[in-house]
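So that we are looking at the same thing, I have put the structure below in structure tokens.
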Amino acid sequence: MAVPAIDTTLAPHTEVPAKPRKTYLNADYSVSSWLLTVDHKRIAVLYLISIIIFFALGGMFAAGVRLELLTPKGDLLQADTYNKFFTMHGIIMVFFFLVPSIPATLGNFLVPMMIGARDLAFPRVNLLSWYIYILGGAFTLAAVIGGGVDTGWTFYTPYSSTYSTSNVMPAAIGIFITGFSSILTGLNFIVTIHRMRAPGLTWFRLPLFIWAHYATSLIFVLGTPVIAITIFLVGLERALHIGIFDPALGGDPVLFQHLFWFYSHPAVYIMILPGMGVVSEIITCFARKPIFGYSFIALSSVAIAVLGFIVWGHHLFTSSESVYAALIFSVLSFVVAIPSAVKVFNWVATLYRGAISFEAPMLYALGFIGLFTIGGLTGLFLAAVGFDLHVHDTYFVVAHFHYIMVGGAVLAFLGGLHFWWPKMFGRMYPEAAAKAAAVIVFIGFNLTFFPQFILGYLGMPRRYHAYPDEFQVLNVLSTAGASILAVGYLMPFCYLLWSLKYGAVASSNPWQASGLEWLTPSPPPTENFAETPIVTQDPYHYGTDDDAEAVHVA
Amino acid sequence: MSHEADALTVKTCLGVYAALVCLTAITVGAAFIDMSFLNTPVALGIASVKALLVMYFFMELRHSNRLTWVLMGSSGVFLLIMIMLTMSDMLSRGWLGYPGK
Amino acid sequence: MRAYDFPLFPEQASTMAPQVDYLYFFLIAISVVFSIAIAGALIGFAVKFRRTPENQVGHRIHGSTVLEVAWSIIPFGITMVIFGWGAWLFVAQSRPPDNAHEVFVVGKQWMWKLQHMEGRREINELHVPVGQAVKLTMTSEDVIHAFYVPAFRTKFDVLPGRYTTAWFNATKPGEYHLFCAEYCGTQHSGMIGKIVVMEPAAFQAWLSETPPILPMSGPVASAAAGDAGSLSPVAAGEALFAQKACITCHQPQGGALGPSLVGVYGSTVKLADGSTVTADDAYVRDSILNPTGKIVAGFQPVMPTFQGQLTEEQLMQLIQYIKSLKATPPAGAGVAQNPPAAADSAS
Amino acid sequence: MSLEQTTPYVAHHFDDADQQHDASSLGMWVFLVNEVMFFGGLFTAYVVYRTAYPEAFHAGSHELNITLGFFNTIVLLTSSLTMALSVHAAQVSRRAMLVINLILTMFLGAVFLGVKAYEYTHKWHEHLIPGPNFVFDGPDPVHAQLFFSLYFAMTGLHALHMIVGEVLLGILVLRSLQGMFNKYYYTPVEMSGLYWHFVDLVWIFLFPLLYLLGRH
């Protein structure tokens, strides 16, 4: 029943050797061995710790926002404080959690292992990217400690460049710097995937996780420099009063929006594509069945990455963009919906005639599909120009992108973390608690964000500190949901930490998954593989071959 | 990795350099001639030829694999996408009269 | 407010509102169909093909190109229907009708200043007649705002240094929310007001009555005080035209340092560099604030800039005055009906 | 051909020197793609504003010194030549030629930066630095200021890249004096060469866009 996934020259792993096996975790215990490591697995752990700290911070700001919105009057926080809270929530969650979340942690850990390499192509660049991330984070934290930023994470000019009196500069510098950590990660992944694959591992034998990370890396490299230069120009305008975007100085604020969204729309795909890769791995593993439509899922990742660059104008429908440009961007936005839909259909089809079990990672993956479907469908609402005029900048948009980013990216992150946790740390987490947490997150999420769709259509604008009375009931529902969601987030944090010491020892392949990363012991040794594996088969070699009729399922 | 046979010879280098200097002189000269709408295309055309010369010879694109070509090409394509779609907004403002004149 | 009595659907109070709502219902229907299909399949498969002692391994099905093509093409067709519908709505919302009642809107941190073309001013409150199109010409004094009336399904950004336009045709008397929808700083959520939709007769009466002295304090009061009097914008513009000495160079019969402005508005103007430009609000505005940017053929760039010397209201008044010069051409009807000729004679 | 015996420079995670060289080369090209988009944001802003305010931009470019711009272009092209010759010298293991060409490249880069600094100082005296002290007599001063904002942003960013390049070249000179590069291992020289040529490429476009257009 446990089908050996891929033939390799690797010797069958020996369980429980007499003295503790050397792993990347116990190779050295000194602080410098962590802070100066060039091992992609250790860097992944460093990233994991840092992004969780930022996630907690961003979550606290979100809690402040939701608590303020319990009542229509602005009574808990001052207007300024509230504005800083949602701004810091956005900046931290987008730039310091969501963008690096899966690529820098799971991606860093798994990309070399999945392709049978000993490390990323440029290990020192990898470490550098973490330090750059921390440096950027330090600037942003300095902005928080120094009194916060109140521009919204979008930094729209001329408010950000001329009018805001808050700490725009340190936050902008922080984002500018952090951009380079993304660029270096993307560069490293692209080169690694091109040049370091194990013998026999052709492009169409790559796991879908790798395809997703390849597509993500393309966006990192092509998009991130544009936000860097745009933020740089905002900083220049703010510091030196030279006009680039401020109309009082001859500039055009809409140009800022174009440049900003040229990155920030593809950035949405940076957040969701790795999640799609994770879900593809989990679904096929727990259905014990090859993925349905492998090449369509693989190529749709690349299609999303490329098409994602030509739809940014749909953020500008009400920004005095020309009617013709709005129509062009609208039709292109509908086109980019298709590859996402194709993925969803293929995941569902993968379940057909599978042998499905429902461990925690699978629950997260199924939740992802459901929530991403709603997020994607409401994206169609927003892409329809005439409709967008009503709901643009309302809670409808807020709900939509949280369905993609939290319902999508965060659920995938949690699912992936559970799925590969035994591999990363060699310990099993308590399954019952993990299942409960997955269900709680799902319920809490929907209760938080579904009411916001209704609020948005009713016309409640986003970033409102106080609001008319008739919106209160839905806001209370949303805040209630957020508190459930918070419990759902705290649970994995606790039991995963607990499992590091008390969890059952994990075997090298607890899920009986295919894929090269499961061939090495858990946790893996520093060099990943004792010998370079040789790949002779397609990925996801699950299932039985006995029924020819199944192939013609259509 | 050293392919002495097809290594960049000093001679080609000098030839390319001479061409680049000539093109620079031409583009400066052309800038002082009024060619109405043609000035910008000519200046950018010459610049593109110079860029291609530098890439093809100095940056060894002629000995590079296809992937490098694809990379360089794609950076150009994405830059053009950014400029052209932004301009599609800027240029068509006011075509319909409203909004966003 | 009772917890069981809260709205789930916004009021429909403009001609556009039901149109947007129809698309909304259509989109909801599509979403429900797809969500149910996907969730149904997901749950159905998950139950039917759950792992059991007999069912330990799935079947090796690799895919189906027919299915892939089908589930690419069919959703694509549906999205194109949505696109067409949305685009049609958008174009309709973008084009204000000709006979609209005109209102000039200035957004500033954090208030709305509105003036009817007939002269009456309002702050954070807009009275409009029912059943007549209202066209808003909007600009901002500082950052970007957005004029949003949920009951009308109307929203458009208000930008500094530029005019944007929105319009609506109210269908139901009553009071509706006016929100600023683009984040504009500290009191963003306080930049709200109301739209009062009145019966036409009542509106006409309201329009011509003398406004009460507004019992206000703070920035609102000072802004109102600065705009004392309710001359119509055209009359105010005429006064400004004389006061700022525009008239010295822009004499109606021409022949002075600058071109005559009679009949210029709406015409095609020939510039010194050979290009042409349509004299619309944006052009007139640019020419006042940045006079050496676009020089009319046959004139010297000698006009000083008025950047920083005119408020947005004054600019709008000047534009309205220059616009009105077309209506009463001194040189006969031919000028107004033949704008290019007018432009030529002006230069 | 196997090079493991001839060179100690293969890092542990690569199979052989070929793979290592390929990875470095690909990495550099990917980095350059990123650089194209980095400058691309500025080029987009330039295209947008130049199309919107051609008069102001023409007037602005008239204030630039075309002779110095031309001179600097030739200097930079020459430095690209010497850089290409350095790579060639490394490829054929000629250390003296390598060192001389690297130093020449550095020198030409310094000349370029010096001229650029002179131009900036000149603009300072002419009050052409955007900001509160900006003074411009020509038409449309508001948007001429926009031209100078972009001029300083673009050439400044380019100069910053030149300075990084100078540092890289300095390291290369030291390393080649130690005899680190030969026909079996010259990847750093080649990669720095790619970077240097790219910086040249940017200038090839900046020169006509900023100095030449609108000259006639």
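Quick notes on this one:
Labels for the chains are A, B, C and D, by order of writing; each one numbers its residues from 1.
Just so we're on the same page, a residue touches a chain if its C-beta (ideal position, glycine included) is under 8 Å from a C-beta of that chain, and two chains touch if they have at least 3 such contacts.
Keep in mind that this is a model prediction, so the values were computed, not measured.
In terms of the distance between Cα centroids, chain D is separated most widely from C. The innermost chain, defined by the distance from its C-alpha mean to the mean of all protein C-alpha atoms, is A.
Averaging Cα coordinates per chain places chain B and chain D 15 Å apart. Separation between the centroids of chain A and chain C, computed from CA atoms only, is 37 Å. Inter-chain spacing, taken between the CA centroids of chain B and chain C, is 41 Å. Taken residue by residue, chain C touches two or more other chains at 91, 94, 156, 162, 164, whereas all remaining positions touch fewer. Those residues of chain A in touch with two or more other chains are numbered 194, 222, 226, 252, 254-255, 258-259, 262, 320, 323.
Looking at chain B, one finds that residues 67, 74-75, 78, 82, 86, 90-91, 94, 96, 99-100 touch two or more other chains.
Listed in rising order, the residues of chain D touching chain C in the complex are 53-56, 138-143. Remark: chain A residues 194, 222, 226, 252, 254-255, 258-259, 262, 309-310, 312-313, 316, 320-325, 328-329 touch chain B in the complex.
Chain B makes touch with chain A in their complex at residues 67, 74-75, 78, 81-82, 85-86, 88-96, 99-100. Touching chain D in their complex are the following residues of chain B: 1-2, 4, 7-10, 13-14, 16-17, 20-21, 24, 27-28, 31-35, 39-40, 43-44, 46-47, 50-51, 54-55, 57-60, 64, 67-68, 71-72, 74-76, 78-79, 82-83, 86-87, 90-91.
For chain A in complex with chain D, the touching residues are 112, 117-123, 125, 183, 186-188, 190-192, 194-196, 221-226, 228-230, 233, 236, 240-244, 249-252, 255, 258-259, 262, 527, 532.
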